[in-house]
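Listed below are the structures to be examined.
In what comes next, subunit A is part of two complexes: it sits with subunit B in the first one and with subunit C in the second one.
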Partner chain A sequence: MRVYLGIDVGSVSTNLVVMDERREILHSLYLRTQGQPIRTVKQGLVKLQALLDDRYEISGVGTTGSARNLTAVIVGADTVKNEITAHAVAAAHLVPDVQTVLEIGGQDSKIIILRNGVISDFAMNTVCAAGTGSFLDQQAARLGIPVEEFGKLALQAENPVRIAGRCSVFAESDMIHKQQMGHSLPDIIAGLCEALVRNYLNNVGKGKEILSPIVFQGGVAANAGMRQAFSRALGTEVIVPEHFGVMGALGAAILAQETVRQKGNTNFRGMSLVDQEFTTRSFECSGCANACEVIEISMDGQPLARWGDRCGKWENSLSASLKIS
Partner chain B sequence: MPVTMPHMGHLYIPLKTMLEYVGLEVIVPPLCSKRTLSLGTQNSPEFACLPLKINLGNFLEARELGADTIVMAGGLGPCRFGYYAQIQREILRDLGVDMKMVILEPPDTSMRHLFEDIRLLANGHSWFTILQAIRVAWYKARAIDLVEMKLQEIRPREQQPGGADKIFERFLRDVEKVNQKSHIYQMAEDVIAEMEGLPQIECYEPVRIAIVGEIYTVLEPFVNLNMEKHLGRMGVAVRRSIYLSEWINDHIFKGILPLKSNKVVRKLARPYLNHFVGGHGWETVGSTVEHAQLGFDGVIQVAPLTCMPEIVAQTILPRVSNDKDIPVMTIYVDEQTGEAGLITRLEAFVDLIKRKKQLKKEVMNT
Partner chain C sequence: MVTVGIPRALFYYYYFPLWRDFFRQLGAEVVLSAPTNKKIVNQGVALAVDEACLPVKLFYGHVVDLIGKVDMIFLPRLVSTARKEYICPKLMGLPDMIKASGIALPKLIEVNIDMSKSDRALKQAALALGRYFTNNELRILRAWNLAKFSQQQFEYLQADSGQLALEALELWNGESDYPRLQRQEERPRIGLLGHGYNIYDRYISMDLIQKLQKLGAQVVTAENIPADIIEEEAARLPKRMFWTLGKRQIGAAFHFLKRPDIIGVIHVASFGCGPDSLVGELIERHMRRAKTMPFLFLTIDEHTGEAGVVTRLEAFWDMISWRDAQCR
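Now for the complex of A and B:
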């Protein structure tokens, strides 16, 4: 049976999805990247190896996320796509008439506007991390609540308090203050969710025409409090797809399937790659005053790819098989 | 008194030429680097926008090379830039850095004032020499722009990325050294021919994107994280809303030369924005309309974070984008030097445009 692999290597998590020819998800994995993308991807592949027997044949691989180029070189990807396109492709597959995608991940948040199944506009948070998964994680830890429970507590709120949402530093001090005043925990958490949604809509969603159907995805979509706050603020229902946490990987798998259909074969190195040694090194080029930091990726000591130089001296020195898509 | 100046793209070449022509010793600060940024941010108010910090870094680095006088521009209207020279002077004094600052107020306020300032700098040179200096500087600015426009066209078509950039960098070094009109233009012509001779991808129609926005972030590649180069490598032909020579023509020659003028662009901003909002906010709106009319596929607005005039323009752009059916994306730049986030956004934007073009083609074929 032909299956397709999508890998999304983000700053916080690494997700892998295996889907069949009909784009049904067979397996999905969620791992913590912990700053070591190569090791994490290998770990994921080892886990998948145990789940997939000989009947399955990986016929295409797509990568996305901030480490998409690195991962593509390691696994031999058929397509390398930015996470905005990947997320939109996955959402449009599951909800064909989707017009708005709200995506909140570990370190970034984005809004994607689609019309007739094609992206017409998008925005990502620029310099502010307020409202992303990392901040919610941090607040849950501070309150001593597992992050999974965090959202459910918000649903018990009777009277959400007002929390400043513009900056996570303001939000935190506001929360502490309200706690000391004696407000109940559910009211504070619900207030925080409302503040984060307000910040998202005014910052990332500024000037965008948000029409339903609206899909809410990314790790933060697990949070029931955030789901409720979004549907309240937008005055309409928000759809959270079943595989909300691995939508980027699903999108990458779909794109890989499309690419392989066109070109007929896959570049996938095969599962044996987990036994190979991949190393990266970086050096400062002394060719000119720019002093670019060049990254080199090698497999068993053989250089596979180089990048990071502005002039192309190192990048072009190896056969240019993988270019930024 | 060795004179120095702030960096803004290739401004240093014509400016150095002009100052040297009137007999001044000129020290060009090292090109903007992470060190410039660190020096600037360490010593600036945190909430100031990026140009102030980078320029302060330029001054401190030029001081290390022996400069003791700064030629800085002033400004007008509701953009903080007008006050930057004063703030920088205060900061330098607090740091105990003894540098004299000559502030050239923009010619829009008073042309006479500007010429008097230049006269002062030109320590006793005749008006004839001063005008001559301005002319040579102008030729260089124009030649650089013409070559760069060719570069922006060639980049997406190159078979070996980086070749045209190397030629351009060599041209920048060479053009500094000549001072005759005919030499300058001959050099530009030769370089353009050389670029055209590079092996190119045949029959390739690149996506066309216009970069609009605040002048400093549009012109300074260190600050916009080499946006033009990245787009070029993704197969995009780029045009900017601002070229230095057009700016000089508009503001110093008062639009005498038949170049693209900001008056036309401002008119195009109607009915979306009908008055000056400081900085280049008005032109940003007008340029977006202009490039939509010229058949460009998309527009990218660039500005330093917290830039008021550009925030005004940004809130207007969704309407322009909708009416003119042209995708627009806004990028704010600040201290970040990591390029990955920018590349993701650029890639997604180019993707969006390509899919949109594809769809249009399909509709037209059915």
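Now for the complex of A and C:
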């Protein structure tokens, strides 16, 4: 049976999705990247190996996320796609008439506007990561609550307090202040969710025409408090797809299927790649005053790819079989 | 021969052919600072006041790059280049900021260019400039006329034959005898808005133009639009735009909206640009109101990571191609 693999390596999580020809998800994995993308991808593949027996044949691989190029070199990807397109593709597959995609991940948040199944506008957070998953993680840890429970507590709120959500540093001090005043924990957490939603809609969502159906995805969609805050703020129901946490990976798998359909074969290195040793090193090129930081990825000591140089001197010096970007 | 240094920043991208040929005709050798690199950026950021925008900070770095290589540095003050219009205040104050920065400067060639009341001010400025080299007014005016011809050629290359400033400038900056002229092919065209000193600087724009070309687009900028069209389009605003550079952007934006061959518009602004915070907002509003033109706004500063820009560009390109495929 032919299956397709999508890998989304983000700042916080690494997600893998295996789907069949009919685009049904067979397996999905949600791993923490913990700053080691290569090791995490390998771990994911080892886990998949245990789940997939000989009947399954990986016929296409797509990568996305901030480590998409690195991952693509390592696994031998058929398609490398930015996360905005990947998320839109996945949302449009699951909810064909979707008009708005709200996506909040570990360190970025985006809004994608679709009309008639085609992206018509998008935005991504710029300099500020307030209100993304990392901040919720950190607050949950500070309050000693598992992040999974965090959102549920918000639902018990009777009277959400108003938290200043402009900046995560100020939000934290405001939360502490409200705690010391004696507000209940659920009220504070619900207030925080509302503040983050307000912040998202005013920054990322500024000037965008948010029409339903609205799909809310990304790791933060797991948070019931955030889901509730979004539907309250937008005054309409917000759809959270079953596989909300791995939508980027699903999009990458769908795109891989399309690519392979066109070109006929896959570049996937095969599961044996988990036994191979991948190393990266970086060095400062001394060719000119730019002093570019060049990154080199090697497999078993053989350089596979290089990038980071503005002039392309290092990048082009390798006849890599895979074209980056 | 006396050497005159010109920082490869700000108005270099608009007026270099004029300046180069004027100084050359007066017997000077013209030396440019190196193309922007990491060292120039770092020096500029370290020396400039915090409130300045990236292109202004960069100018400091280019001035430093020229020290020790030239006898004099050309540091004009551009107040106004057209009647009742002005250049950004930060650029007006630039010579003072540079002089107050504590950099050990060589001799400066300074001139005030203020055409807000009368065009004749330009000739006066040319004479004042020329006197740094000779007292012969006739010789100065002859040099000025020849230089003006160069500038016209440069503008013609951009406005009439669709060349981008960076390639056209190669004819004057000595990098190539034959500019890599862009062929006007039938490729999807992207309208690129933004000040010349941002979009043509390959370092701070993170090679935006080359990245777009690699994706398969032909890039059209405000400089590729004849001045009369810019004027006509900008006049559609309910109130006259008195910033020359802002007017150029807004006129180009309106023009792009009318062109069926332009399939998307990208606006690049530097963080901390006062005029752009207003002009950018106006452009975005008009683009959104039109609803038909895919639009992307990019902000750049010295902290901008390339990854974020690449992700947005790729997504923007996907969006356009996707839409294009569906229309067919």
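One rule holds in what follows: the second predicted complex is superposed on the first by the 319 of 325 C-alpha atoms of A that agree within 3 Å, B and C clash if a C-alpha of one lies under 4 Å from a C-alpha of the other, contacts with A are read in each partner's own complex, and residues count from 1 in each chain.
As a working rule, a residue touches a chain if its C-beta (ideal position, glycine included) is under 8 Å from a C-beta of that chain, and two chains touch if they have at least 3 such contacts.
As the structure is a computational prediction, the values presented were derived from the model and not from experiment.
Q: Quick one: on subunit A, after the overlay, do subunit B and subunit C clash, or do they fit? Just give me the call.
A: After superposition on subunit A, which the two structures share, subunit B runs into subunit C.
Q: Looking at A:Met124 after the superposition, I want to know if it touches subunit B, subunit C, both of them or none. Which is it: first, second, both, neither?
A: It touches subunit B and subunit C both.
Q: Could you say whether A:Asn82 touches subunit B, subunit C, both of them, or neither, answering first, second, both or neither?
A: both
Q: Using the superposition on chain A described above, determine whether A:Thr279 touches subunit B (first), subunit C (second), both, or neither.
A: neither
Q: Determine, for the superposed model, which of the two partners subunit B and subunit C contacts more residues of subunit A.
A: Of subunit B and subunit C, the partner in contact with more residues of subunit A is B.
Q: Give one of first, second, both or neither to describe whether A:Gln156 is in contact with subunit B, with subunit C, with both, or with none.
A: Neither: A:Gln156 stays clear of subunit B and subunit C.
Q: Given the touch rule stated above, what does A:Gln138 touch, subunit B (first), subunit C (second), both, or neither?
A: Touch partners of A:Gln138: none, neither subunit B nor subunit C.
Q: Just to be sure I read the superposition right, which of the two partners does A:Ser66 touch: subunit B = first, subunit C = second, or both, or neither?
A: both
Q: Which partner chains sit in contact with A:Cys311 here, subunit B, subunit C, both or neither? Use first/second/both/neither.
A: In the superposition, A:Cys311 contacts subunit B only.
Q: If we overlay the two complexes on their shared chain A, which of subunit B and subunit C does A:Gln34 touch? Say first, second, both or neither.
A: Neither partner.
Q: Starting from the residues of subunit A touching subunit B, keep only those that also touch subunit C in the other complex, and list them.
A: In subunit A, residues 66, 81-85, 116, 118-122, 124, 126-127, 207, 289, 310, 325 are touched by subunit B and also by subunit C.
Q: Give the list of subunit C residues in touch with subunit A in this complex.
A: 34, 37-40, 203, 207, 284, 288, 294-295, 299, 303, 307-308, 310-312, 314-316, 318-319, 322-323, 326
Q: Mind listing the subunit B positions that touch subunit A in their complex?
A: So the residues of subunit B in touch with subunit A come to 31, 160-163, 165-166, 226, 229, 233-234, 305, 314-315, 317-318, 321, 327, 329-332, 334, 336, 340-341, 343-345, 347-349, 351-352, 355-356, 359.
Q: Provide the residue numbers of subunit A that touch subunit B in the complex, in ascending order.
A: 66, 81-85, 116, 118-124, 126-127, 206-209, 289, 310-313, 315-316, 324-325
Q: Spell out the residues on subunit A that touch subunit C in their complex, using ranges where they run on.
A: So the residues of subunit A in touch with subunit C come to 66, 81-85, 116-122, 124, 126-127, 207, 288-291, 310, 325.
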